[in-house]
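Below: a set of structures, written as structure tokens.
Okay, so chain A shows up in both of these, paired with chain B first and chain C after.
Up next, the complex of A and B:
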């Protein structure tokens, strides 16, 4: 039902509402990528924004400087993200706990500083401008707000379906086994390292998909969009929505886009709200909104049974 | 020229070492990676400045007052957020990750609170020490010498606290073996709270020194936070001598690579060296491999 609502919603709404919906969907893709790392690898990845940046910049630079088609630049950018993620995984995943987090943070800083200083290609801190919407594909056009919204929605739904299939497959179970107890997993003959790297790559791939959409959506890209705080935003959305379910990140993204909007919040207070939410949810509702919703449903059914 | 760069590097390294000390102490004793640590530095600088202005007293009298203030704030944050998480273990995420999430949240909240109270414009803080000293051809401002002296005093005080007092011994016991320390009747909560207090005081000192050298502003916290990460990885997470040596090494590395390789890429070089170090020695240069 929710899906149907998301499909027809933009047809009934104006341009600004379509913009907000697209923003929600793109954030949901990014939050989902963080939820994958949190849920599948059991790690906080403060380098996630770097994967988004690599994908966004690679695809946009290929289009702006080399005149490549969006649909040709996209697989190249995703390939680059996966290669970098695999390399980082091989380098860092044998590090435990805080070391992994700190190294990924250092990696994200390296990527951001590289983008900010490699003036000839990335235009430095000023950033890339006038990024066009994706070219038409198979007779479909994406140069309207609505068209681009549907493209983003297809990406999000594709990721969600792909992930739910993955979770049910053998690979998904192996990944969870490794997350729960990597020593035991190693003992029963699961290639732990390979599975950890795979988990990181899947998360990076989804982050890369989000990155592809980011350039055409915002029309500008600058290194200041990809600081530590971008990764933290993704974490907040994943945690607020709940990382245990596929709908969680979408719920979290919708919450964080629409609540400030509805309260006509000044954007000044947004970071404070993000921080307070992260603290409160972690302390009092670690399962997120999705967890709260299912608790509420259970409580309501109990209540209904009482009434009868 | 190279002597001047080395001198600048050591001064910078001293402040880095001081910032990293509070961070590494909390990790060593409480196993907490405190992402809000940089904001404590920033708030410390603002506390010192505010005390200086409201009581119209000089920097060196205001600093101890502000250090007590930040120590109390740090303890309050520990009791309000982190302690309850450490008590409750298994949920969807492991306890360690939850603590990180909470400190990330605190980072935002503290920074925005500071923005709200003190505004976003950078302010100057005058230490009251002016002039320069010449060592041969090397120029060092007296202010920078004072910074080094304060760092030196604080490090000696910290060593005294850790090795000459009862609570310092208890603290080291907890850092070495949490369960064992609990078994012989040490109150882990109280000692952890004490570590947070010491860490807050160190953060305040480091932030105030940084603020007096550059400027006091609400987003001054993120750079020392990142530097502290790099330093404690260099020196080994939780190691006090490691933080001091690591801090000075990073200060030197930054100054030398900024002067002789590329100023624009100096931070990047630091991070790349960090990753290389971790790959060769996963527990840091001086860390024990556990």
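Up next, the complex of A and C:
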């Protein structure tokens, strides 16, 4: 039902609403990527924005400077993200708790500073401009707001379907085993390190998919978009929506795109609001909005049964 | 000590943590088909020895062999793949998965692709053996203590090990539960699995084990069948803390 609503919504709405919906969908992809790292690698990754940045910049630089087609640049950018994620995973996943978080945070800062200072390629703090919509593919066009929205939606739904298939597969189960108890997992024969790196790479891949969409969507890319706060936003969305369900990150993204929009509060308060929201959700609704929704459904059914 | 029936051979392993010598030069062997108990007073180094054997951490010296395969230096997942399974003191589980999924995860980890029907059959078989068939769909983290231990055992058995290492299997159990668990250990051995266990509970060890190795202060002080061990002067001294000449 929700999916159908997402499919027809933009047809009924104006350009600005289509923009907000697309923004929601792209953030949902990013929040999903954070939920994957939280759920499969069992780690909070404050460097997730770096994977988004690597993908966004690699694809856009290849297109703007080397004239590559979007559809050719995309797999190269995703490959780059996966390689970087695998290397970072091998380096950092032996570290526990705060050390992993700190190293990934440092990594994200390094990536951001590299982008800001490598002016010949990235145009530094001024950023890349005039990033065109993806070229037509198989007769489909993406140069309208609606067309691009559908492309983003396909990416999101693809990620959700792929992830749900993964979780049902043997690979998914072994990843869950490692998350649940990595010592036990290793002693039942699961190569723990390989699986943790795999979890991080899957999360980075999804973050990379989100990054691919970001350039053409915003038409500009600048290093200031990929600070710590971008990673924090992803965490808040994943947690607010609930990381235990596939729809959670989408709910979280919708919430965090539309609520500030409706209240139209100033962006300088945003980090503080995010922090407060994260604390409140963790304390009072650890299962997120998705968890609240299912609790409400159970309560209503009970109520209805009581009335009979 | 090169008995042809030896399944596991421990060759003068040692372990020191910083300056503390936890285990000094311990050798022992576990024969195929037996239940060997590893006992000793607190701080004797039995848990450390157990962890060295199972590959939890590397020894400072010496080596561990499963028949002619050297286990020392292998990662735990490689050791598991060779047919050595272990349980944990206080029991480790996959807490958010169901009981059946816990077993299933262990089966999946230890096999190449199994057809669904075969996988389900193996899970049901293990659940039946440990007597948790009724609780298959319960969440593991919410189990009662006795059921948790059984599930921990089931996870190890799901690997179909040749050698099963039990880390204090009777800890925290009342006498009746201990009897049941002892019976279970014997039933496991009767299916052809060799068992090495570390345990505090002396009566239980005496009743369940074929042979016993006694450690004290990181060294092996005695080895033999339960009757011999019960009568061994050095063992009594080690446990009672009395001087032999006093």
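Here is the rule we use: the second predicted complex is superposed on the first by the 302 of 308 C-alpha atoms of A that agree within 3 Å, B and C clash if a C-alpha of one lies under 4 Å from a C-alpha of the other, contacts with A are read in each partner's own complex, and residues count from 1 in each chain.
Just so it is clear, a contact is a pair of C-beta atoms (placed from the backbone, for glycine too) under 8 Å apart; a residue touches a chain by one contact, two chains touch by 3 or more.
This is a predicted model, so every value here is computed, not measured.
Counting the residues of chain A that each partner touches, chain B and chain C differ, and the larger count belongs to B. Residue contacts after overlaying the shared chain place A:137 against neither chain B nor chain C. In the superposition on chain A, A:282 makes contact with chain B only, while chain C stays out of contact range.
Legend: residue contacts after superposition of the two complexes on their common chain; A:170 is shown touching chain C, with no touch to chain B. Looking at the shared chain after the overlay, A:184 reaches chain C, while chain B stays out of its contact range. Once the two complexes are laid over each other on the shared chain, residue contacts for A:101 go to chain B alone; chain C is not touched.
Residues of chain A that touch chain B in their complex: 38, 42-44, 91-92, 94-95, 97-99, 101-103, 105-107, 109-110, 113-114, 117, 228, 232, 235-236, 239, 242-244, 268-269, 271-272, 274-279, 282-283, 286-287, 291. Taken in their complex, chain C has these residues touching chain A: 54, 75-77, 80-81, 85-86, 88, 92-97, 101, 104-106, 108-110, 113, 155-156, 158-159.
Across the complex, chain A meets chain C through its residues 170, 173-174, 176-177, 180-181, 183-192. Contacts from chain B toward chain A in the complex involve residues 27, 33, 81, 84-85, 91-94, 96-98, 100-102, 104-109, 111-113, 115-116, 222, 226, 229-230, 233, 237, 264-265, 267-268, 271-272, 274-275, 278-279, 282.
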